[in-house]
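You will see two complexes here that share chain A, one where it goes with chain B and one where it goes with chain C.
Up next is the complex of A and B:
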């Protein structure tokens, strides 16, 4: 397992009587395009919350680039190079689209607040760079002309793209996307798939994503991990996972012969 | 196209270098104009008007800095009376002459280093600001463990604690007797000078990357944390900075009214400030300034309704307290028709003003 970007060993999370995640093992290699799928309530988003420090695990550990993440604040985890988006979009509604992205740069700002108040050259330089990079990122996700719009005025699909741009602004090595295609139409979904592939191919960002759109997942991801009731029930290449009887049973219940995950939406 | 229209032709980004330089000059010109008006007021207006103008300057400082933590960072806190008290006591203890101190501390003598210190106003104010900021910093550790309603309650409690301490720490604060004989040093220039400094710092901070981070925390703390912003330290920054200015304003307040006692710094003071920033518009510095000025002068203008008057042939005797009834009605009206306050989260900008003057275009 050594050499993996993200290593998860025996990660568990218990909410009262509910075991949301039961000793999960997962490794994300550098340059991976990995997917985490499973029926609703399988523990996928909990897994993201555990990695990013939003929820404390009941057991197990997570290492990023060999460094344990246990007990770190979400902001610390982010600055180490793990960025995420949210299943239920969490933009800064009252800020503009560009400002949302600029917030993503703030965690790595070197100038202190006095230098920002006095507009010292060091801060001014960083500020200009943030603006330039912010506009570039908006262009990258296809929101280049909407920079001055209020974030809450964007269409649903655009809001998901803005969340990705904001996450990219934090300069991640690993990007965790929580249902990035939810609420998108087929055209938007196809564009999203191209975008995610570009992030990996051109920017060298590894991606772990949660998604229910099986067409999207099967075409994009190179490896999949399937969760059900907090346990891994299958893992491997999309083709293998697709025909795994345990997976089919988890999604559709027992007693079905055909492979229902072929293409189409789950 | 008019000249003004050509000057600020809307580009893709409003912060082009030329626009910024123009705004700087306009701001400097406005400051000079404001200074001229203050000079005029000092020389031409009566003592009462000057007193009210000075007081409104101090309220501008308090409202703008309180708005930084409540409006921009979205942390509903209720402790400014504690900060104002801290600043007022520290400044007064540093500037009152040792002789005067010996005379007023009747029950218990003032403790040693304070009993001999005698400083001019400026260093005393700075020390008071730093002491208040330190108090906020220490207080921030327990306080920012909670959010929302809980934060309000905890900070409210701290405000009371400070008042109770002021009442009982006889050998430092002279207890309920308070401090007397504070020199009347605060004038228009001190008050509005501090207001200018506060506005400079707060506006610059809010328009920087740090300001965006504070607003991000207000909008969604979880998302802000996930984007690498340490919410705790940023709240601390806003809290400490607002305490620094509130402390200095407290010091100037003490040197304006010349006598302070714990009963001056009750929750009522915080409540008034809260009204100011809510009516002005939470999260708008312009709103805080407007609210502070309206509040200070409004209270005086409303005295009209307490005087005996003849209305449509009816003799109405003066009713003391009528002012507060009318005031409450106005407050209810504002909350009914402008729930976001007078300005909401909008700010004054030169762009907007020029658009109004030159083109009659709407908000920019």
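Up next is the complex of A and C:
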């Protein structure tokens, strides 16, 4: 096979009578900044749920670094190097900001329960390292000062950033961002775009993101896949996709109040 | 003087309820499952300690931890065998299964241990009378709250000061998201059952010292009352379970002490409290708001 990081072939998902995803083919190359767009209900989040093992596909397969992900538990998929954020924020509200990130480290740690109780030196060392690394990640996303705050006290945009930090803590090679800019103001969105680019450029993490903010998508992503009713209707570079008649039809025909593709020129 | 004595008795009984209630509340917090077999798990803990002490002649400070460890294993086995296969099934299926596990353990107890009550010998240290002025208290009544407090402090330390505890708190918020963060939630659930069952065994051993007659159904009533205590404190909340246990224990003893005419209604009190709490504050004293 090719050297793609993530390869999706003929992936389908049926919920009762609804074909949420209809034999999707998609490849994400190492170092890609790829976007998955489409009207509401097009199957974008379903696609993320299938990749991460939350939902079982009705057909098709997903390979990550050549390894099939079919039937793996979500925690196993994550440990292979796929992390995600959520469209509707799913932080651990009761935990502090830092603790939310530390949960992301948990799956990779060696120390077990017994050494935690006994406070063995190896445990303390690992604890220290994890703590420092967690603070670094918070700094990276711009939440460095808020580590001891309860996650539920963060502003909406900050919660989205915390989700990214938590996902990064699991050490991903591929990051799936589900509407990371939703609810952010233009300044926050611009900062988010810079952050995502840094993740790719400095940390070598490939990114596949779902987003409705077309300005953000057009400026950030290097390749786009457009879904409508579970099918791919266009793919390619942002400029090509933008002028594709099928895409314009899908968006305008879907009854959205404004043409969302305008933003790309700004 | 008399009242102080009763207060100590109430504290003792309340400590026992608290230790058992925590197992209910921890499992509920993570799986939204009322583990109705929990009282019977406690019963097995009692017998384990009895075997250690009476059959193998172990001192109590050895047979207690051994009983806790064995009961922890039992708790994990129950989860793996009975509840895990139903993780994705409707919640009512797991609830009914819990009742089934409860009957299973009771009847297995009858088969293995027999219906004849076994005498649980009280260790010497718990069988003395402490006397301060006019106050005369059985040493067991003094030590039970102390040892309970130590065990519960240890539990809180695990929950709030270790990574595993952090993972447990995260799992109780949102189990599927924790999975997506690479944490194997089954391990966390197993640990929860282990801790809850170990505490039930500890509570059970002190229960057996207080009421030193073992029979395979001995877990039923304390189990139900501890469940009431957990609901009273706010099920899902560990500190609430401790508080609920203490309140229930004190209320029971004070009912008997202050209104001896009503002493026969002692066991009914817990269930009257349950009805009251469900009517007026269904989420309990320290419970969180109900989700939509």
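The rule is short, and it goes like this: the second predicted complex is superposed on the first by the 255 of 266 C-alpha atoms of A that agree within 3 Å, B and C clash if a C-alpha of one lies under 4 Å from a C-alpha of the other, contacts with A are read in each partner's own complex, and residues count from 1 in each chain.
By our rule, a contact is a pair of C-beta atoms (placed from the backbone, for glycine too) under 8 Å apart; a residue touches a chain by one contact, two chains touch by 3 or more.
Small disclaimer: the values here were computed from a predicted structure and weren't measured.
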Query raised in the report: Will chain C clash with chain B on chain A after the two structures are superposed, or do they fit?
Result: clash
Requested in this report: Would you check which partner chain A:182 touches, where first means chain B only, second means chain C only, and both and neither mean what they say?
Outcome: neither
Query raised in the report: Is A:147 touching the first partner chain B, the second partner chain C, both, or neither of them?
Result: first
Query - Dominant contact partner of chain A by residue count, chain C or chain B - result: B
Report task. Check whether A:131 is in contact with chain B, with chain C, with both or with neither, and answer first, second, both or neither. Result -> first
Report task. Using the touch definition from the top, say if A:170 reaches chain B (first), chain C (second), both or neither. Result -> both
Query - Touched partner set for A:72, first chain B, second chain C, both or neither - result: neither
Query raised in the report: Which partner does A:195 contact after superposing on A: first (chain B), second (chain C), both, neither?
Result: neither
Query raised in the report: Which parts of chain A are in contact with chain B and also with chain C?
Result: 52, 54, 73-75, 78-79, 83-84, 86, 90, 92-95, 99, 102-104, 106-109, 111, 113, 116-117, 127, 130, 166-167, 169-170
Query - chain B - residues contacting chain A, complex - result: 12-14, 201, 204-205, 208-210, 212-213, 215-216, 218-220, 222-231, 237, 345
Report summary line: So, in the complex, the side of chain A touching chain B is made of residues 52, 54, 73-76, 78-79, 83-84, 86, 90-95, 99, 102-109, 111, 113, 116-119, 123, 126-127, 130-131, 147-148, 166-167, 169-170
Report summary line: Per the touch rule above, chain C residues touching chain A in the complex are 158, 162-164, 166-167, 169-170, 173-174, 176-185, 191
Query - chain C partner contacts - residues on chain A that touch it in the complex - result: 52, 54, 73-75, 78-79, 83-84, 86, 90, 92-95, 99-100, 102-104, 106-109, 111, 113, 116-117, 127, 130, 166-167, 169-170
